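What follows is a set of structures to go through.
Two complexes are shown next, each including chain A; its partner changes from chain B in the first to chain C in the second.
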Partner chain A sequence: MLTYIARRLLTLIPMVIVISFLIYLGLELTPGDAVSHMIPPDAYGSMDPDRLQELRESLGLGKPFAVRYWIWISGVVQGDFGYSLAGGVPIADIFLDRLPATLELSFAALLISTILGSILGTISALTRGSATDQGLTVVGMLGVSIPEFFFGLVAILVFAINLDWLPVGGRTLPGYDSFWDRLPNLVMPALVLSIMMTAGVMRYARSSMLDALSRDFIRTARSKGMPEWRVNILHGFRVALTPVIVLIGFRLPVLIGGSVIIEQVFQWPGIGKEFVSAVRSQDYPLVMMVALFSVLAVLIASLIVDLLTAIIDPRVRLGE
Partner chain B sequence: MEHDVALTVKGLKTYFYNNNRCNRAIDGVSFEIRQGKTLCIVGESGCGKSVTAASIMQLLPTLSRIEEGEITYHGPDGPVRIDALDRGGAQMRSIRGKEIAMIFQDPMTALNPVYSIGFQIKEMLMYHTGLGRRERHDKAIDLLASMGIPLPERRVNEYPHLYSGGMRQRAMIAIAMSCNPRILIADEPTTALDVTIQAQIFELMDTLKRENGTAIMLITHDMGVVAELADDVAVMYMGNIVEAGPVGTVMRNPVHPYTRALLDSIPVLGRGKDQEIKAIPGQTPDPYDRPKGCQFADRCRHRIDKCDQMPPETQVSDDHRVMCWRYEEFASDGR
Partner chain C sequence: MVDAPITRPRTRRDGQFDRLRDRETSMQGKAKRRGRFLGKFLSNRLALVGFVIFTIICLMSLFAPLIAQHNPMSPNLRAIAQPPSVEHWFGTDKTGRDIFARVLYGGRVSILVGLGSALLSALIGVIIGVYSGYVGGWLDWIAMRVSEIFMSFPQIILVLLLVAILGQSLLNLIVIFTLTGWGGIYRMARARMLSIREEEYVQALRSFGLGPARIAYKHMLPNALGPIMVNITLSTAAFILQEAGLSFLGLGVPLSIPTWGNILNAAQDLRVLEQNWWIWLPVGATISLFVLSVNFIGDGLRDATDPSQQG
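Up next is the complex of A and B:
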């Protein structure tokens, strides 16, 4: 198991290198460069081209593409993420500052959607064809098809403005730092962020559960004279769980992507919000690092999925 | 009484409902399973063999029910009317598994892949016996050993996918036999297995019958198996038992054209390659659009006008019965 994890982590390295190269290449291909972003457009037009060229040389932009990539990536590997163009803050500091907020939000949403989605999906499967099942199906379709920011705005309107139960947005107030103080701020964004995924997990858990219940071993379990709950939960749900775990794992990056919008709506000071402003202000060193971080999240999520499936399903044995 | 009767089925009718149509899957079936004997139920696919088993176990699918008839289990505490019990009720569950156990056609899919074999045996013991944790584990090992599984101490913790097909069916039998049931229902237990393994499994079942006095109801479509294992045989066709009796009588002196056709369709070793194998002409009728009278009439070479009416169950002798208008002619034709 440990050797398997080590080996998987090693195979991540070439993948990360290739992807980081693609990210760098993508930004290289966008029009303009650092200099054109640093100098206001009206001043840029009236500047002496030789002066601009000089500036480029001094920033190292005159070097060939591959060399510049090498300088960037070797810096990243050594922990030097570079500086944000807006304000010159080290990107590492921005990450340290913003990452916990994003992780907090994502994991809260992941937890809610996993638990709620599996339970509702199982109920739906067990009461197949009933009013409960049909009601949940409709709710699930709505959850999947209505965009999250809409839910977010409606939730703010209802729960924060009309009912005044929860704060409108933000993560914390000065002087109130404990998790419990922050909890009311977390509730709405986490719930809204989890809606789409809850609906997805629910639909998936339902079909996975129906599939499991139609298998022969369910009949065997019944023929043993065990009560129905044990047949359904221990034999049905346990087997239905594996594909659901895989789905949840692969949704993890979507969750981080989704939080970009939700962080905007709720003024949540996370990476996603930072990403939007970085793109807007063409702060490309920061954009690259956020993109790289998302890639890492995807890769690590898939590793976690593999490990979880191996734990849950005895037929999957790792590394042999 | 020479042989205790373990289970009586009388006039059983089980119907399936589908889009407001009714499939009379079992249409008046009666038989007995005798203690310590093997009853074979033979017939083509779709003739109601498995539905009979599911009716006895009360494991019918949702859109089907027992319409009429009696299923009586003669347990140690007196007779129990199984058909009157609630499907999922406590009393039915205490019979299912403990008194009447079942093994299924495909051992590849009948075991839960995410639990160890041991877990799946111990689960049964947990519900039907008062054994403690440790004792259950030991009993599971004993059971596997008695089923002829090598290294049971290690095998008990292994998962089904590490077992071969034959071993899985042995494990299934170990589960079924774990609480010493009075009746074992085997629904085509070897159809999915190699012929060599098939013989081993049947041998095992025969040993269990002799040693534990278990009554066996074996569902099969293989006349060869019937000849080998059965004490009694019931031939089913489209929801009826068309002929039933002790195996010797039925095999040696079959009086229903369908039984005869089944026997004729088996190649016999030693008769050479040119022997005539008579396939049964035609196909089984659509269960939703059955013939009015004898269900076999359309495929029968001996059809007469009277066959448009359902023939009654008639006793040929004390223990041999048939559903055919012309059985007397066949009984005396010296075959």
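Up next is the complex of A and C:
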């Protein structure tokens, strides 16, 4: 097991280094540099070129690319993420400020889609071929076909504007800070964000359950005279659930992707919304850091999934 | 092939074998297989419905100049934000542009982006995947690492990162989608090649002295076409959804070009959302219907080409 972990880490670390290098290279390719971002465009033309050069030297921009990359990455490792171009706020502060909102939304959506998806998938598998199964399949298809933000818009129109049950958007009102105060704000974005994932989990749970139900131990349990519901729940569902849980780790990119747009629709003050406005205002340092951290999140999630599968299934860690 | 001359008297069996061989050489087997594929696809009701909807929307977008009576780009200040009427079927937007015409013309761009990116990324993925999957070696190693790098980004983050670097334009968007999308189809084509690499017909071809490129593209690729086609349809759907999402954020195709996402962009304004439902609801429904039909087609193709997915 230890050698397996070591082997996985050995492939992970070079990957992170290469990706961080590529992201830094991407920043290098963008128009302008730190100096041209610091000085207003209309003043830039009238500045003395020697002074600009001096400024560049003092900021270390004259150094070769590889050296600058080294300075940047060692700063990042030590927790110095640089500064946002908009207002010069430290990026670490932005992360600390916005991350809780994004995590709250993502975990809510993850929870809803896992529970709902595996229950619906199981029902669909147990009633295979019936009208319920076909209906659920079509509903699942609708779930992956309708754009999430369109769901969001319709939900806002119906539940916030027409029925006035839930707030239109935002996360908290000033003065109301507890989780229960902002629960009404969380309901719609979390439900909308979970739709696409629920459909995915449902599909997966259905085939996984069908697979489990065709195994020998199910037949044995039935032949012992066990009631049908006990066979399904105790033996089928439990076995079918393991791969579904593994699937959730792979769903992380979908979740991050969805939250970028959903946060915009519901004005949810998370990382995704910050990322979109950074791309809009060409705030490259911030764009870069968010990209780097989302890659880290995905890689670490897939590492955890791999380790979990290795623990469950010894063939994974021994074979290759 | 020339048979060895028969020295014994011909029997009834010989006649049967000759007939069998004639039937095979006259390609009847192949025609029959295609018939089964078509039959299975057509008997799948959802796939058929999907195909009909897909065709209708594509044709309407293609013949947009003949169907739409208004210019999708020209504002009409005397008809601002009007609800649907006989004159403007889907109403008009905030600058008085006819929304029905914009949906039709927008479909052209959106479908172009979706289908074009899917086909381009399939082309790249298949060319690399089929060859490197069969030959292996350093090319395979490099392509695998590169695709791993691309796939460790959440797709939308990578797309937005590239938009920030390359800038916003229609062509850039197709390039970006292709760059972010080839990895999936490459891996699928590669895996498929690995699984048929050791089959007997491949070994036979190798022993005949055929070159690797010829074996890979001419003889093995046709056996991997089923899953590739499924993948192309599914990624078309995904790209259309992504274009809509990006343009909705105002970061996809430049706003001056009508696309489905760009029309929906107006709904970011809460007042439009509340008071002018016709500006965003029909477009959203059109995107959903189109993506749904593509997904139905993809599912139908999967069922028709993959013998392991019965029922």
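Throughout what follows, the second predicted complex is superposed on the first by the 263 of 320 C-alpha atoms of A that agree within 3 Å, B and C clash if a C-alpha of one lies under 4 Å from a C-alpha of the other, contacts with A are read in each partner's own complex, and residues count from 1 in each chain.
We take it that a residue touches a chain if its C-beta (ideal position, glycine included) is under 8 Å from a C-beta of that chain, and two chains touch if they have at least 3 such contacts.
Just so you know, these numbers come straight off a predicted model, no measurement behind them.
Taken together through their common chain A, the two structures put chain B and chain C side by side without a clash. Of the two partner chains placed by the overlay, neither chain B nor chain C lies in contact with A:A6. When the two structures are aligned on the shared chain, A:E228 is found in touch with chain B, with no touch to chain C.
In the superposed three-chain model, the partner touching more residues of chain A is C, compared with the other of chain B and chain C. Using the contact criterion defined above for the overlaid structures, shared-chain residue A:I156 touches chain C, although it does not reach chain B. Centres of mass aside, this uses C-alpha centres: at chain A, the angle toward chain B and chain C in the superposed model is 70 degrees, to the nearest 10.
In the superposed model, A:V89 lies in contact with neither chain B nor chain C. In the superposition on chain A, A:L111 makes contact with neither chain B nor chain C. Once chain A of one complex is fitted onto chain A of the other, the partner contacts of A:R219 are limited to chain B, with no touch recorded for chain C. In the superposition on chain A, contact of A:L22 is made with chain C only, not with chain B. Contacts of A:V290 after superposition: chain C is touched, whereas chain B is not reached. Our summary of the superposed model lists a minimum C-alpha distance of 13 Å between chain B and chain C. In the superposition on chain A, no chain A position is in contact with chain B in one complex as well as with chain C in the other.
Chain B meets chain A in the complex at residues 57, 59, 88, 92-98, 101-102, 104, 106, 109-116, 123-124, 127-128, 159, 161, 172, 175.
Residue ranges of chain A in contact with chain B, taken from their complex: 215-217, 219-228, 235, 238-239, 242, 312-315. Across the complex, chain A meets chain C through its residues 15, 18-19, 22-23, 26-27, 29-30, 129, 138, 141-142, 144-150, 153-154, 156-157, 161, 168, 252-254, 256-257, 260-261, 264, 275-276, 278-280, 282, 284, 287-288, 290-291, 294-295, 298-299, 302. By the touch criterion given at the top, residues 46, 148-149, 152-158, 160-165, 237, 241, 244-245, 248-251, 264, 267-268, 270, 273-274, 277, 280-281, 284, 287-288, 291-292, 295-296, 299, 311 of chain C touch chain A in their complex.
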